[in-house]
Amino acid sequence: MNEINRPLASLDYIPADIKLAQDYEALARRFISLPNYEYIAGGSGRDQTLFANVAAFSRRMVYPRILRDVSAGNTHLTLLNKNFPHPIFLAPVAYQKLAHPLGELETARAADVMQSCMVSSTLSTYSLENIASSSSGEKWFQLYFQPKPEFTLDLIKRAELAGYSAIVVTVDASIRTPGLGALRAQFQMPNDCIAVNVAQYEHAQELLVGQSRIFQGVMRDAPTWVHLEQLLMQTHLPVIVKGILHPADALTIKNMGCAGVIVSNHGGRSLDGAPASLDCLAQIRTTVGDDYPVLFDGGIRSGLDIFKAIALGADAVLIGRLQLYALSIAGALGVAHILKLLREELELCMAQAGCSTLKDIRKADILNATHY
Amino acid sequence: MNEINRPLASLDYIPADIKLAQDYEALARRFISLPNYEYIAGGSGRDQTLFANVAAFSRRMVYPRILRDVSAGNTHLTLLNKNFPHPIFLAPVAYQKLAHPLGELETARAADVMQSCMVSSTLSTYSLENIASSSSGEKWFQLYFQPKPEFTLDLIKRAELAGYSAIVVTVDASIRTPGLGALRAQFQMPNDCIAVNVAQYEHAQELLVGQSRIFQGVMRDAPTWVHLEQLLMQTHLPVIVKGILHPADALTIKNMGCAGVIVSNHGGRSLDGAPASLDCLAQIRTTVGDDYPVLFDGGIRSGLDIFKAIALGADAVLIGRLQLYALSIAGALGVAHILKLLREELELCMAQAGCSTLKDIRKADILNATHY
Amino acid sequence: MNEINRPLASLDYIPADIKLAQDYEALARRFISLPNYEYIAGGSGRDQTLFANVAAFSRRMVYPRILRDVSAGNTHLTLLNKNFPHPIFLAPVAYQKLAHPLGELETARAADVMQSCMVSSTLSTYSLENIASSSSGEKWFQLYFQPKPEFTLDLIKRAELAGYSAIVVTVDASIRTPGLGALRAQFQMPNDCIAVNVAQYEHAQELLVGQSRIFQGVMRDAPTWVHLEQLLMQTHLPVIVKGILHPADALTIKNMGCAGVIVSNHGGRSLDGAPASLDCLAQIRTTVGDDYPVLFDGGIRSGLDIFKAIALGADAVLIGRLQLYALSIAGALGVAHILKLLREELELCMAQAGCSTLKDIRKADILNATHY
Amino acid sequence: MNEINRPLASLDYIPADIKLAQDYEALARRFISLPNYEYIAGGSGRDQTLFANVAAFSRRMVYPRILRDVSAGNTHLTLLNKNFPHPIFLAPVAYQKLAHPLGELETARAADVMQSCMVSSTLSTYSLENIASSSSGEKWFQLYFQPKPEFTLDLIKRAELAGYSAIVVTVDASIRTPGLGALRAQFQMPNDCIAVNVAQYEHAQELLVGQSRIFQGVMRDAPTWVHLEQLLMQTHLPVIVKGILHPADALTIKNMGCAGVIVSNHGGRSLDGAPASLDCLAQIRTTVGDDYPVLFDGGIRSGLDIFKAIALGADAVLIGRLQLYALSIAGALGVAHILKLLREELELCMAQAGCSTLKDIRKADILNATHY
């Protein structure tokens, strides 16, 4: 790499060093201030799950298959009765101003151009309405249950009104362990990074003497199965539940009538010590059956990784950190470019593995090579 | 870390660098002289078991479980008909003046404040009576069988009189292999570090020509099953046996009428080459049944580790080195603080894993992810 | 090593540092320019399969067997009704001028002297006729299907006329992911490295808007099973299919009437993320039966490796990178020498494992020691 | 370590740095010239088997067992109707002048003092008669079959006459692959290192054109099962066969009437790529039955390792490199001292594992912990 150091702002052009999607990861260090980079790149605690996510991919190998005609190949996907040209979605990443001054607005433009599905975070730094108006494409709204039910309902109604076509409710982030890297780098959320969607919802918590900061503190208002049932009654939109690793939870969600699950450990940012998402995927797919929508995130760095996730049971995947790295380097152009790279890398792998469609990938053999 | 070197004494305040319990481990190097640090931190021989203890935790992952109401959660424990607010006990660590001038007295104060159970070592540098009077809380006395039975009996009676409510008899330390790190650093027990409880019990050993220093030397007076039987008759206190790794030994102890076992390899300080404590725990739990008291030590560095140990069968855990590190940095305040951190880390993990009680943890699934 | 840097040309003598065949690998860095070296030594993408190939050998151990009379031992092989003094063939390596000005002509001379079978690449930098006339020994022609069928047929007929005795058709290289090392080193094919066999076959591809560069681009004219069937009808030569990793593909090829398969992942230069060739070999041998010709390449660096490949099911092996390294260092002499070293290393291993013949190797036990 | 560099000669005193037997290994680098050190310390080829030998020990853990009375413990052994105070024998190491000017004579003195069994090598630098007269203890003669049968017979008769009580015939060293380290360091056998036992036996080999240097060269006169049968008829001494890794070979040897086997890969100096000795031990013990003499060498660096080898089936073990390291540092005193250290380390491990006798070790459980 021969790029010189650059000011901490977006270039809005693609550096020549970018050959693979994963190259955005290495380059982003030079485009994001250290504390912000540590906050984005790190996981929670000691990053055990963060590393596990990536390692889980490296243990699995894809069989090349030969001489199959893939000239009519495509990466099309139908999910929740919508058609998508490719299965690479944009995960709900909070506080995108950390990576680019125009944050989620740029991401929305990229999603629009690349026909990706953007999942807009409750904790966006532009309003959900503003983001929605930046993209004519498919977009879903990621919901955090608010401590006060009326605020949750308010978010749902605003999302419906703004044109979001599904609710992705995140259930694994009631507590976040701070990442050590960010703590060491003395990360603080910048003043201009405000979760504008929820800034007006006041909330205060008090603890009685002897009560636990955890159980009677942050968990007092944490969502439960009851909240999820209410949500299903409060919206006509399909509800997808994000943050599932245990197959029993996936089954419960399916049986409740939710529209799908996202197998995820919050990119290693929630429970440090949780299994790799990929290590949980196949069993969840087996448990919910072949046709139930199962999405996946956690550790994807290449089109090859996407192939592996689909082969192990995913219908589509979401990218989180890669999205922010590309955003930091080249704004909307970067996000669009990394989606294009990932799609081509996926197509390349499909062609070499003799798969013309995503359905073919689901039937592909994966070698779990536990030693290298 | 931006702490400057400090004199070898306690600060009695919490350094700002401490974010997690394990941070005490790294910081302690600056608060303990090198030979003493090597003695405390090292194991025996080449530290194989020391490292195995820690590695055994890193191979096991905890499943997050979602949407469970844990707002009434707690870490309460009933053990030997006593109630404890949390399952984090203080292991019997010898010679605590190595870490702090007030040694075990500070530890006792911390145990009192944090309602932990302190297990006071036979080899304490303050007398067992002195220590007992420093804490109004639950305390157990750790017993090393003495070469002369009358001295053992004397210790037992003194412990009963001083108010200790259980005897923890250590059976895995008849021989200690010196740790290489301590040898290299030319560790010598400081003159003021005296095992005052037993200093007055004289003992001399002589070897005949051709006899083994091991078998006919140190092992001549080593305790046997007979000694344990006698102990059970000599005290009305419950007797817990510490230093068990093999399930057959655990079963024998249960059948003899002992009150419980502590699965332990003496923190890697006894047989270098012994298995990790955690690798032995589940089979011991299975062997003695669900209700028999099983405690655990060896390798615990975080609340996540405590969760894993409980999930694999422990009722409670003991911390050894962490206790001494915190003691060296901030005296009683440090020990109290690390107990608080560990408890909060445990609660955090419980909340994320959907466990409201320790009993819930015992039912939790652990993924033995053998490769990372 | 005490060799000084040398100009980028062949020495045509054997450096004293070469004790084992693998020594050519380390030494070659000094005889090939960095970009060319990266191109030759690297795999595709992030080199995952490249490393997997080598690691797969290191996990398998060979049992010494004692006191067997091997004084009549030999490495003879009969394959496709031809006799070979040893099973070490020269893989079809493209663009050999990258390593030596006389490229494939030197390789052919070495093959002739050492009675190895040279597989001449479609992408050679000397014409197939020119190469054929440089060697009186056994030679096979490696075929890439051409986008226009008439050009494929032309190649076949030219190969038959020039005296090649088999067609090795490569089916795993329709797409090549560029290796990152070569990209970083800004490798470009030198002007004098021209694939002269096919330079006159013009071909142009155009994409419609919205079409995939992969599926409707490079894969549009990629060979399919139909092409292989046609090939079998177009030539009287035996057809061997190279680039097989999945046993189902091997079985299909056998049932079609092809003469054999080469288990290969193109030296880690095709799908990055494909399994190690060696990890696929035993299952393919089991699937096609004991007597069907199975050749192998991928990761061989020593005679010991050759022993392992044969024990796991290979009839013969091909060397790729080693061939080019030796060519770069000492031209025909180097290639001949490395073949001699490999053969002696194989004989050494056979003698120590009590094997007099290649058939004995096939019956030898291999210990898959998964941990070191 | 704070030893300064010393001249390349024996100190004949024990350096203060030696705490464990294995410490001799690190220190020996300063007492042996680099080429000689590389020759002694290295294995064959790329040292794969050398490293595998050591790694095999690190994967196996020993269970401590508690409260057993071991005060009558000992390490006694009866083997071939001879009593030994401990099971630590001296492997037949060739050319001991490389480590000490008095070579094998010093080793013999140490064996005598420590009541170890010395196995004297055919390739000793002092005559077998001279060595025998340096020790009144148990000694065995290691035999290499000579190309001419009359020379083999001569060696046997000389060994019988000199008072050796068993013949250890080595069958895994017909070919030695040179170790790369020794080659790189330009090791040459010093002029005063002469295999005096066999120096007078002339031998010349010629190859015909086209013959293999291996099969028709070095292997032409290699011993076969016929030679072993003859040996059994030529001597009244018990014959032990050294260099066995495959259980089928062990069984054949037992059925022929040999007195025992030594599980060994020649310390990683014969076939590079052979399995670790320890990985082969248990299956061989199972195959030949509980009572057949099985000795072991390969990778032993501590008393803990000796415990593991016995637990997996060995009756006694031999040390090779450790012996030479101690010899180089402190002559006979060093060899005696390392035997003493190893014995005490073994006793220590036995005491901690609750084993009073070697028979108890054989019944001990070993945990094969494949991951750390």
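The first chain written gets the first letter, and so on, giving A, B, C and D; residue counts start at 1 in each chain.
Simple rule for what comes next: contacts are C-beta pairs under 8 Å (C-beta built on N, C-alpha and C of every residue); 3 or more make two chains touch, one makes a residue touch a chain.
Model, not experiment: these values are computed from the prediction.
Asker: Turning chain B onto chain D with a C-alpha fit: angle in degrees, nearest 5?
Answerer: Rotation angle, to the nearest 5: 90 degrees.
Asker: Over half shared or under half: which fits the residue numbers at the contact of copies chain A and chain C, same or different?
Answerer: different
Asker: In terms of CA centroid distance, which chain is the most far removed from chain D?
Answerer: Farthest from chain D by mean C-alpha position: A.
Asker: Quick check: how many Å separate the C-alpha centres of chain A and chain C?
Answerer: Comparing mean C-alpha positions, chain C is 42 Å from chain A.
Asker: Calculate how many whole Å lie between the centre of chain A and the centre of chain B, each centre taken as the average of the chain's C-alpha atoms.
Answerer: It comes to 42 Å between the two C-alpha centres.
Asker: Any idea how many Å lie between the Cα centroids of chain A and chain D?
Answerer: So the centroids are 59 Å from each other.
Asker: Which residues belonging to chain A are in contact with no fewer than two other chains?
Answerer: Residue numbers touching two or more other chains: 370-371.
Asker: Can you name every chain pair that touches?
Answerer: Every touching chain pair, ordered by label, is A-B, A-C, B-D, C-D.
Asker: In the complex of these two chains, what residues of chain D are touching chain B?
Answerer: Checking each residue of chain D against chain B gives 1, 19-20, 22, 58, 61-75, 302, 304, 307-308, 344, 347-353, 356, 365, 367, 369-372.
Asker: Which chain D residues qualify as touching chain C in the complex?
Answerer: 45-46, 48-49, 51-52, 55, 59, 171-172, 174-175, 177-178, 180, 183-184, 212-216, 218-220, 222-225, 227-228, 241, 243-246, 249, 265, 270-276, 279, 370-371
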